[in-house]
Amino acid sequence: MKAIRILLTDRAATFGSGIILFLVAVAILAPWIAPHPGDVNTFHLMNRLQPPSAENLFGTDRMGSDIFSRILFGARITITIAVIAVGVAVIIGVPIGLLAGYYGGFLGGFLMRTSDVFLAVPQIVLAIAIAQTLGPSLENVILALSLTYWPFWARLVYAETRALKNQTFVEAAIALGASDFRVIVLHILPNTASAIIVRTSIGMGATILTAAALGFLGLGAPPPTPEWGRMISESREYLPEAWWYATAPGIAIFLVVMGFNLLGDGLRDILDPKTRRRGGK
Amino acid sequence: MRRLEIILSRFVWFIPTLFGLLLVVFLIANVVPTDPARIIAGENATEAQLAILRAQLGLDEPIYVQFFIYVRDLLSGDMGRSLYTQREISDDLLRRLPATMELTLVSITLAILIGVPFGVISAIRANTWVDQTLRVISVSGLAVASFWFAIELQLFFSTRLGWMPLNGRIAGFGPERITGFLLIDSVITGDWASLRSAMWHLILPTLTLALPAAATLLRFTRAGVLEVINSNYVLYETAMGFPRALVVWKYVLRNALISTVTQIGLIFGTLFAGAVVVEAVFDWPGLGTYAVQSILQSDTKAILGFSILVGVVFIGINLLVDIVHTFIDPRMVK
Amino acid sequence: SRYVHANNSSYDTLDPHTVFDVARVASRLNFYDGLYRWVDNPPELIPWLATGHEVSEDGLTWTFTLRDDVPFHDGRMMTAEDVVYSVERMLAIARGSAALFLPVLDPGNTVAVDEHTVAFTLKEPSALFGSFVADLLVLNSELVKENEVDGDWGQAFLTENVAGSGSFTLTRYDPALGFIGTRFADHFAGWGENYLDEIEFRTVLETNTRIQGLMRGDYHGLDGYLAPDQVQRLRASDAVQIFEEESMRVFYFAVHNGREPMDDLNFRKVLAHAFDYDGYINGIMQGTVARNPTINPNNLWGVPDVEPYTYDLDKAREYLELVEGPIRTLRIGTLAGFSETEQAAALLQNGLAQLGINVEIESAPWPVVSSNMQDPDTMYDMVPLWKSTYYADPNNWVGELYGSRYAPTRNASAYHNPESNELLEEALVETDQARRAELYEEATRIIYEDAAGIWIYNTKWFGPYSSRLQGVRFSPVGNGQDMRWAYFED
Amino acid sequence: MSQPLLKVDGLSLGFRGDGGFAHILDGVNVTIQPGEIMGLVGESGCGKTTLARAVLGVLPRNGLQIRGGAIRLRDIDMLSHEPAEVGRQNRVRGRKVTFIPQDPFTSLNPVLTIGEQIDDLMKWKSPLRDPDERSYWPTLLRPYPRAARKADREKVMETLDEVQLPQPAQILKKYPHEVSGGQRQRLMIAMALLPEPELIIADEPTTALDVTIQAQILGVLRKLASDRGVAVMLTTHDLGSAYEICDAITVMYAGQEVEAAPVGSFFNAPAHPYTAKLLASRPDAGGSMTGIPGELPNFYAPPAGCRFITRCDRATERCTIRPEPTRFAAGHVARCYHPLTAPESDRKEKRA
Amino acid sequence: MTRPPILTVRNLNVRFPIRAAFGRKVGEIAAVDDVTFDLGDGEILGLVGESGCGKSTLGKTVMGIQQPDSGDIVFEGNNVAGQSPKQARAQRSRLQYAYQDPGASLDPRWRIGRSLEEPLIIHTDLGGKARKEKVSEVLASVGLPKSHLDLFPHEISGGQQRRVGLARILMLNPRVVILDEPTAGLDVSVQATVLNLFRDLREKFDLTYMFISHDLSVVQMMCHRVAVMYLGRIVEIGRTEDIFNNPQHPYTQSLLAAIPRINGPRVTENFWLKGEPPDASRLPQGCRFQSRCPHVQPLCLAEDPPLRSHGAHAAACHFAGEVSPPRTKESAQ
């Protein structure tokens, strides 16, 4: 409750979380709020490529389906990708970063070198390579993204842990006789939490962009999945006449990524007292 | 020389990282059991034909031997041949590298020219409307999917208004290939029409690529400047009556740039990656288009080569950044 | 005058023996000559480097007489040795068009009888050999031999250079961009009153860009087979003319006949009735293509007269009742980047869903799909795709796609019917045209009745060119990219 | 008495923040005579740095509100926002008034050599020239003529020598992190002296240093200041340091000056109870040290009268009315209704 | 004051390697160099010296946070030097270390109450209620209101943070507490109250202190004995009166002279000690004070003087007892 109240003090965070909440609501309620919920899989071939109208708010696509409805259902896919991919990346990356940072030595060196290898190539390139070899499908996109994104969290947590390990309060806890487990889980992890949360929020945005790019390149979910990147890619054949075809999914991606970025930005300001703005105007 | 030692130690990391990269990418590329012989032979292949090809490619070897052979060949600059086009992959990549480099270098220059000064302005005007506006722009810049933005730019400026060329690096084939950088080649050959055309063609793609990069730089410069501007030495310099412009653009910026430079290295990687989709939209005959084509053809070996080249360029750039770092941050050398 | 053509795939090699696909036909047609050449539509073979040929009684030895007035680009005159070298090279590197020849011709069985006569000794009689020779592109053997490296048959050299006698000579080549050719004035076939001085073939991957470029006048021609939406856009432009030709590119679903439930004729009939042909042809294709009831293109010979299957879910339900047991989820593989295959798959998925049958669509790049299709174990349940013209003979379609001798590679349907097989085999050696037509009609009818696939349409070729361009001679084999006939009108 | 060099007159300022308005300085009066070393002492958080920064014109701008009062350096109004006056102030800062910061470790720019920073200082602040005169060059491109630079360099070497920096030529080529803290603080003193100022503001110049180094630095500062007749405002919370080098001392408490006196009467005859308690808290004060119980008042809602009222054992009803400075002797004033020594007026009355 | 030692340190050495790129060792800092001393039961031993001379390192090594390179540390009769972490943990409840910056030694995300409970959770089997009782009891003894239990470390003042730090240590009824610069950064007014608290607590809990500081006046007031460190070495040790009235090592003499004494002569103008300590990684041969010593002799450059005792008083100088501070202008007057 208090967290939410603090969140609301930051304009960026408020706006960002507003967008994300809206997205989640849309994703959950898609079957009820979509004017043509069936259009994800059924087609109206005689109604193809119609411009926006009262019936089809964002127009229709190459199969005559309602783009608005498909965008709403697309939100589910976007959320699924972002949540699972980033979730897995966090679950892999955070423990690795903690262990490597706390114990250092050969194990730490090895883990961090491994993450360096993954960071040596721009993420989308690696994701392309993985998604390409595994074949285009939603699962593979998620897998590719998780495999390429975990080092970010490992790196971050590693650096934080290294810094925290030299902090007096950690040394003090060790001096008091606390076990390694206790130190890592009760002292270090909670103190890296804000960095992880910020990174995760911004990482969601980046992941959504990468996933959309993969969809655009034809490496994402197969048709007729209403994935936003794929919709933009489909639309290219019909531009510029069907201008509405690319517009809606493009703006949808923009809004969601912006939501996560703003939230991350806001969280950074809120969670990091150093950058906390003082004074009025 | 401490600096030399630092550079050398960075360089030493280069090799295992590269080897690890090779291993990872090679493994990735070999997970899926597509039969390269079939891909080469095409849809009308006969069994006899396949047998000949398999023998040619040495596909019967176990995978670690294949990896060994691959690394050995790579060391002599041989990335093998594309499964699909049968061309030397290294040849193809090198031929396209200048196109991508030209694009990314111009973009990063643009991004720096926009991002850094506006970042400084945003910081010294922190929390004013100038800062808020710049923040909105930079947050938006980071949220736009570049392929979408590219398409929309193309639609508007090329199709609707007809002001900009649609695609490609240049009208026609351009000046004779010397360095592969059209801007340079056309200057060398004194072909001013080509220079104009090449510059004209660069505008939209670089704009697309530079937008998120400039936004990132803006944010980092802003954060860096803000941190520095509240530091004791800036307080000291101001109290000693140093002119404001001197303090901001020399003293503050020099410090703020240290973190920004690291960021430029990383951004270069993102630009390279961004080039994959942006080139696809603008039909830019660079590495990105090559990668997309290789993807569509499932040309695993070409993708392998592409990933490694990008990896090497990326690691190399970051090495360079580290070296630059030792020059602009004297504390590194202590 | 310079003609600029925008092509949707890249010219990554100029070697005429390596590339064989339709997309990269331009470099073969314009830089090289074959013994015969396909022109016009319906396609007709005309003597080209050869003036004619004879076949021995047993149908095994084919003897071609060559012209004696053919200069290569470097001025050297062509001889029978060049033809022999070219054939041996093609067979040795085993790529591209070698797929046509390897089944009937072994290396070493081509001889130069005299300076202008070449004889081929085949492994078995072949009715088709005559139509293959258009793809026997002749190299300047001396030039190639000079540039051989480690016995590579000049592969490194020919990737980026031309050693031919064709209508144009190579002036500029960049695998990332395309090539530029200049008219070869001394070409043996001579030149008409009007011609193009220079041709430029550029790679422009994005369809939309190609179309806009043509409308803006950046390009003067594109590869055909446009989606109907694009055809409409182009029609609206004054700068563009569109040639409309019946082509022989059949769009169909390859169906795995060897796997349950598709091994059941009744289920295949379900499939045949579950696809919305009209919706697809009139909606998505906007009526730009013609319904093609069998695998053989309507505009070829050897086509039986049958009623097309119709979209009729009631009928499908009737057939479905005859199929035993619950139906598992079916897997359709589509070609990534080819939206028509995706749309067709989605449409079939939709039809079957109404019958309570689940379908999963898997999109993959063509090479992956293709390599999966070549093994009955990895073959998808269904794949929507086209069959293009490699040679204009029914064997290109019904023979290769449903004949057992081509299984499992080109016949990916696992279709084995002794009855039709016998007819197809007979047609391969039969030389009497009327008899062959009968044999193919019969075989095709049997396969039709077996509902061995879902046959949808025969593509129309819409050749978009600058409205100033004249004289284009379209042939389904060359796709209108043989530029020696074309010119700009002023 | 001569005209004071610096006169801070009833300065009131504060910051508007989340918790309301923090009234940091409340009617502060400080006077520094030319050539005088004036110590500004008081507990942590009582506004010493804020006052120093106000004089230097480098208060944080965020939420700053100046509610009244004036700072005059001779006849220059250091708070005025009139463009002409601002121009004069700018000519004064770094020239007539210079600054020695508290923390020599973080106050030099880490990425430029010491020489480069001194060059910039001299380029703009050399007493030999006036580089502020009209120029067509934008700031960053303004040239530093060879001859001027040479003359400045000589002066720099001389001054570095005076602050007893060993090997000054080498030090100029070094980066700040390459020299020790003591040497850096000597550098800062040199840099403060180079423009030949009339006033140096030194904000706790030795707190970051060890005792032996502190003794050295204070010695240098004291010697050079008296040799050159430069006035110093020395902020510190170490009374010992103040004793060592100051001529006069001003005590601050919670944003007010509570007592100002020449060093002798300050330590021997403090008037304000706070001063007395502060002196008694020193561990070397002999045997029992008594702290001052309680804490500084809240700046958001300070007591209306005497700000020490919450911690003072002599406080009465009267103290809820704000005490004004009372004169105890020449140069000795305090704000208190119940001082420990009798005010001058009382003594006069008695005598009378 | 001769009490039986509760802690004995013999020939203790702690060295930190200096590494360059590639982890190459390019030198080492002798942070603690052959240190020997006793800590009597119930006494307060002061440890003074310049910043970086190894005071904290010595304290931490005694405590077991830092591993010594050689030497013995005998605590309550057991040699605890080089113990395994597990054994050391058992020892630690009786030997505690109060950090230089108590604010930083508290987890910024934990409320004070939780931080105070932590040692009890680790070392005892007390139930929640018993723990809470113990916490309030100790909290009261350091003079903090109960309401502070629900605050975060950054919400309380520096002086209060120090109290909390002490309370946390006292939870486990230690015998010896190493106080590392317990008054650094405090105002004189707060400092006085904190020092008084130390005295009270010592009475109440029967504690022995090792009191690390660089403020000599505080040490003079608090300690029974004083050890003066210079660059890792104890250069002089003895009873407080002896050290302050009769310093024998020239460094101690300078150190004492550097303290400003109100109403005394002003020392700073003629302070004789020149320069700064040499780099700890590049100690000269011979006496480590040679570069700053006003009495330096050829012998000092050649030989490192050992700590020689004269009764309870020991100094590491070849000329201990023979040298006196140079005369200054004022003191000459």
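Per-chain numbering from 1; labels A, B, C, D and E assigned in written order.
Methods note: contacts are C-beta pairs under 8 Å (C-beta built on N, C-alpha and C of every residue); 3 or more make two chains touch, one makes a residue touch a chain.
Fair warning: this is a prediction, and the values are worked out from it, not measured in the lab.
*Asks:* Need the graph distance between chain B and chain C over the touch network, please.
*Replies:* The least step count works out to 1.
*Asks:* Please work out which of A-B and D-E is bridged by more C-beta pairs in contact, and write that pair.
*Replies:* Counting C-beta pairs in contact, A-B comes out ahead.
*Asks:* Roughly how many whole angstrom separate the Cα centroids of chain C and chain E?
*Replies:* Between these chains, centre-to-centre, one finds 90 Å.
*Asks:* Using mean CA coordinates as chain centres, what's the gap between chain D and chain E in Å?
*Replies:* 33
*Asks:* So how far apart, in whole Å, are chain A and chain E when each is placed at the average of its C-alpha atoms?
*Replies:* The answer is 51 Å.
*Asks:* Do you know which chain B residues sit against two or more other chains?
*Replies:* Residue numbers touching two or more other chains: 159, 280, 292, 295-296, 298.
*Asks:* Two-or-more-chain contact residues of chain D, please, as numbers and ranges.
*Replies:* Residues of chain D never touch two or more of the other chains.
*Asks:* If a residue has to touch 2 or more other chains to count, which residues of chain A qualify?
*Replies:* Correct list: 135, 218-219, 236, 239.
*Asks:* Spell out the residues on chain B that touch chain A in their complex, using ranges where they run on.
*Replies:* Residues 13, 16-18, 20-21, 23-25, 28-32, 127-128, 139-140, 142-149, 151-152, 155, 159-160, 223, 226, 269-270, 272-274, 276-277, 280, 291-292, 295-296, 298, 300, 303-304, 306-307, 310-311, 314-315.
*Asks:* Once bound in the complex, which stretches of chain C touch chain A?
*Replies:* 206-208, 227, 229-230, 233, 276, 279-280, 282-284, 334, 336-337, 339, 342-343, 345-347, 349-350, 353, 361-365, 368
*Asks:* Going by the contact rule set out above, which residues of chain E touch chain A in the complex?
*Replies:* Those residues of chain E that touch chain A are 63-65, 89-90, 92-93, 96-97, 99-101, 104-109, 118-119, 122-123, 168.
*Asks:* Show which residues of chain E lie in contact with chain D when the two form their complex.
*Replies:* 50-51, 157, 187-196, 214-218, 220-221, 254-255, 257-263, 266-271, 273-276
*Asks:* In the complex of these two chains, what residues of chain C are touching chain B?
*Replies:* 10, 12-13, 15, 18, 20-21, 94-96, 98-100, 102-103, 155, 159, 172, 174-177, 180, 200, 202-206, 209, 212-213, 216, 218, 336-337, 364-368, 370-371, 374, 390, 409-410
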